[in-house]
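Here chain A shows up in two complexes: once beside chain B, once beside chain C.
Moving on to the complex of A and B:
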């Protein structure tokens, strides 16, 4: 095995730092969401009257973006395209972190490239929409544009490696496998790849501190996650100082 | 008065989304509560010296106590889905009346005080510390939210701006900045037993009056009892039901239904109010104190069950919160739902064929139904989700021959607020109330033109009071407004059946 060069040492260390930051940051946030009590029943009704119903409601929100569909069809289209393509692209990237590559990942690979194009398009669309619709422009801050630019640039640099400046894929794979097996290998000294990877690290580090936490937060949103059964089952507020205990 | 506030002509078609017009409503804000009104509710009487620190501290406290607030502060992606869903934005064009922008007024302080990103890069995410300006914005725009939850229906994460405006009002109250309308009324209900300050003697007179009027009209005696220990049902009605039209006609109807059902009932002079403005100001303790009187009354009067009258936000408190606030109701008969909505009671009686109805009594009416926001999006009736839409409609169809719904984008879960809910039913906010009623007035105009609708029935005291006041600004007569149980009242044939 060859020595780790300086560049790879720096990036390998950065990678572990970002992974730790991501995991701890997300865990801290999720813990905060989970640990904070819900004093009252506040599902947005009509709401499911059973736990199973809530699972279905949540699935419809997370997979189909049901409420967004009700709210704005164009944004829904842009949002669905953005998230589905992002998911496919992420899935495709598993091939850099697995050996042997699972058949499903291999199967998706060609679609993955298409998804990359879709992701870039969706990010661009959502970006333009932010600028063009006066209401959305009013509420958009630097952080909102930043998130889209970040993901858009990720898609762009990724596609560039495929179509314009071919990167040494074998070396990329060795580097990635090295990271996940805790035995870092040298990374390709390819500026586009380095940029792409830097963007990934930025995204990972930024995630827990930003609105990107919507990905985990939605599961804790009481208006969507609560069962509509306040008369049937007494909901107890843990911090009320006058809690009457139900007689058994 | 009418005419001073400008209203656009109604088309009945889909409302156009107004262009954003920053600051359009910045100068509108409610009156401040007097010292005594604040202290009575255990808030500081006047603004405390270190109010900024105290406000931030309170925000931290609420973030630890309310999952909704903690999650909602973090996860908005500014997708914009909610931006055109608030009746106040549609009516005013003020961008701070877009739900997400209203939330941002709090979120910017949250970011500054509670997040790393906001501390390090305040510019990137528009983080801002608490200041005189921010407080002024809060005061104004958190009192331009009727807590109707329409925005939460369309948010991909269910972010409910109502939760945030409740929290903001609680924070303001906690530093001695209280709203007159709500805090004054809360004082009355806690002291006298109802929002209107009707004392037991006056209440007894009113009930006597209703009883006499009713008897004169129908020649059948129906009782409207007060403080009768041992009655089956304790009726908790919004106090407007004792007072003004068309509320009192609805109240008359409750009595007829109980009469036909053969159920003994009573109102309580101690707890003569269903409304609970504690919710509007976000104060759990106040809300519990107000509700507690009802538990006490039910206990003292030894009733078997509690039935509640037509009031939207109060139905939310009763249906969703009572069991938590003042439950368990183990001293009541467990075979009944606590509380039972009068519509549930009436519909049940109709289904059991326990009341004779003469629909033709309402033949001069073409009726539509206004879904009240808290009933629609924060409660249920019956056993099935959506029962809160079906049951009142079923009742109306059982007592009227002509019923038509308004545009489906303006009813049921998509219903528009009357414009006066959430503690905003006060004269100094009239400009907002009129403009906020635009989406509903427009949809109503649509069915008036297409179907000749001449009656809009509803089950909320605030909606009734608001509409009778603001519809004339849109050249719609105020006597369109009806209680659902007013229609029931007209159709009931007294003594037609023996109750079950």
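Moving on to the complex of A and C:
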């Protein structure tokens, strides 16, 4: 086992800081979402009248982006492409963090490259949407552009590593396995890999403090997550004054 | 929702997100790494650092030369690899299995896996190849 060089020491330390920041940051946000009471019963109707129904509705929302589909087909198209390809790309990256590599991860690998191309395309499409559709441009802020540029750059550097500036993949795996098993190993000193990894760290550190938290927040949206049972079960606003309720 | 349910949700998410780390903490540390059997001495057609990153480009380039131009550069093709690294099980497969990257070469090309196992098709459970 060779000594950890300076570059790898810096990046291994950064990795642990970002992992801690990400985990605790997301947990803190989730706590905030879950602990905040909803004063009113406001599920968007027609809404499910049982808990199981809410699970199904939420699944449709999270997996298919149902309400976005009803709202705007073009945005839905870009959004679903962006998220599905991102998920496939993430899943493909498990091959760097698992040993032995599960067969499904190995099977997905070639599709993952295609997904990477799709992700870059979708990020570009959504970016152009923010610039070109004037109503959207009006409400777009720096954070909106930043998130898209960040993920787009990630896809671009990832694909560049696949097709142009190759890196030592076995060494990348040594490094990644070192991180997740708490025994850091050296990383390849290729500029493009360093850039890609730096972007990953940026994403991880930025995630809990940004609009990207919609990934967790969606599950706590009152209009989607509430059961439509205002008559069956009385909804109590926790900060309302105690009032006497006569049972009929 | 209440503070308690907030705590429950936060802990649940934390456990879910950190599950790979928790899994690793309680499982045996992976000792396996790619270990290539290298020939004594000799020099590859390119330097090692370059080959580690770009060998697939070289193989594809050689393939194009052979198939489209009719120029046979065996030294820079699979035959060249085999002349120093006779078994892919000790060479190609090491890294490729390690990073979960399939090799499509063996669908057409011959490169024995080891001295006893010639190719995957010959490998039978419990039987001799």
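One rule holds for everything that comes next: the second predicted complex is superposed on the first by the 242 of 248 C-alpha atoms of A that agree within 3 Å, B and C clash if a C-alpha of one lies under 4 Å from a C-alpha of the other, contacts with A are read in each partner's own complex, and residues count from 1 in each chain.
FYI, a contact is a pair of C-beta atoms (placed from the backbone, for glycine too) under 8 Å apart; a residue touches a chain by one contact, two chains touch by 3 or more.
Computed from a predicted structure; not experimentally measured.
Engineer: Where does A:97 make contact in the superposed view: on chain B (first), on chain C (second), on both, or on neither?
Structural biologist: second
Engineer: Of the partners chain B and chain C, which touch A:169 in the superposed model: first, second, both, neither?
Structural biologist: A:169 sits against chain C, while chain B stays out of touch.
Engineer: Which of the two partners, first being chain B and second being chain C, lies in contact with A:105: first, second, both, or neither?
Structural biologist: Only chain C is touched by A:105; chain B is not.
Engineer: So in the superposed three-chain picture, is A:33 touching just chain B, just chain C, both, or none of them (first/second/both/neither)?
Structural biologist: both
Engineer: Tell me which partner A:201 touches in the superposition: chain B (first), chain C (second), both or neither.
Structural biologist: Neither partner.
Engineer: Which partner does A:183 reach: the first (chain B), the second (chain C), both, or neither?
Structural biologist: In the superposition, A:183 contacts chain C only.
Engineer: According to the contact criterion defined above, which of chain B and chain C contacts more residues of chain A?
Structural biologist: Touching more residues of chain A than the other partner does is B.
Engineer: Per the definitions at the top, what is the overlap between the chain A residues touching chain B and those touching chain C?
Structural biologist: 32-33, 36-38
Engineer: Sort out for me which residues of chain A touch chain B in the complex.
Structural biologist: Residues of chain A touching chain B: 29, 32-33, 36-42, 44-49, 61, 65, 67-68, 70-72, 75, 79, 129, 133-136, 138-144, 146, 209-211, 213-214, 217-218, 220-224, 228, 230-231, 234-237, 239-240, 242, 244, 246-247.
Engineer: Give the list of chain B residues in touch with chain A in this complex.
Structural biologist: 17, 19-20, 22, 63-68, 70-72, 74-85, 95, 98, 100-101, 104, 115-117, 123-126, 149, 152-160, 163, 284, 288, 319-321, 323-325, 327-328, 330, 337-339, 376-380, 383-386, 388, 413
Engineer: Using the touch definition from the top, list the residues of chain A that touch chain C in their complex.
Structural biologist: Residue positions touching the partner: 19, 22-24, 26-28, 30-38, 95-97, 99-101, 105-106, 109-110, 166-174, 177, 180-183, 190, 216, 238.
Engineer: Okay, in this complex, where on chain C does chain A touch?
Structural biologist: 1-3, 5-11, 13-14, 17-18, 20-21, 24-25, 29-30, 32-34, 49, 52-54, 56-57, 95, 97-102
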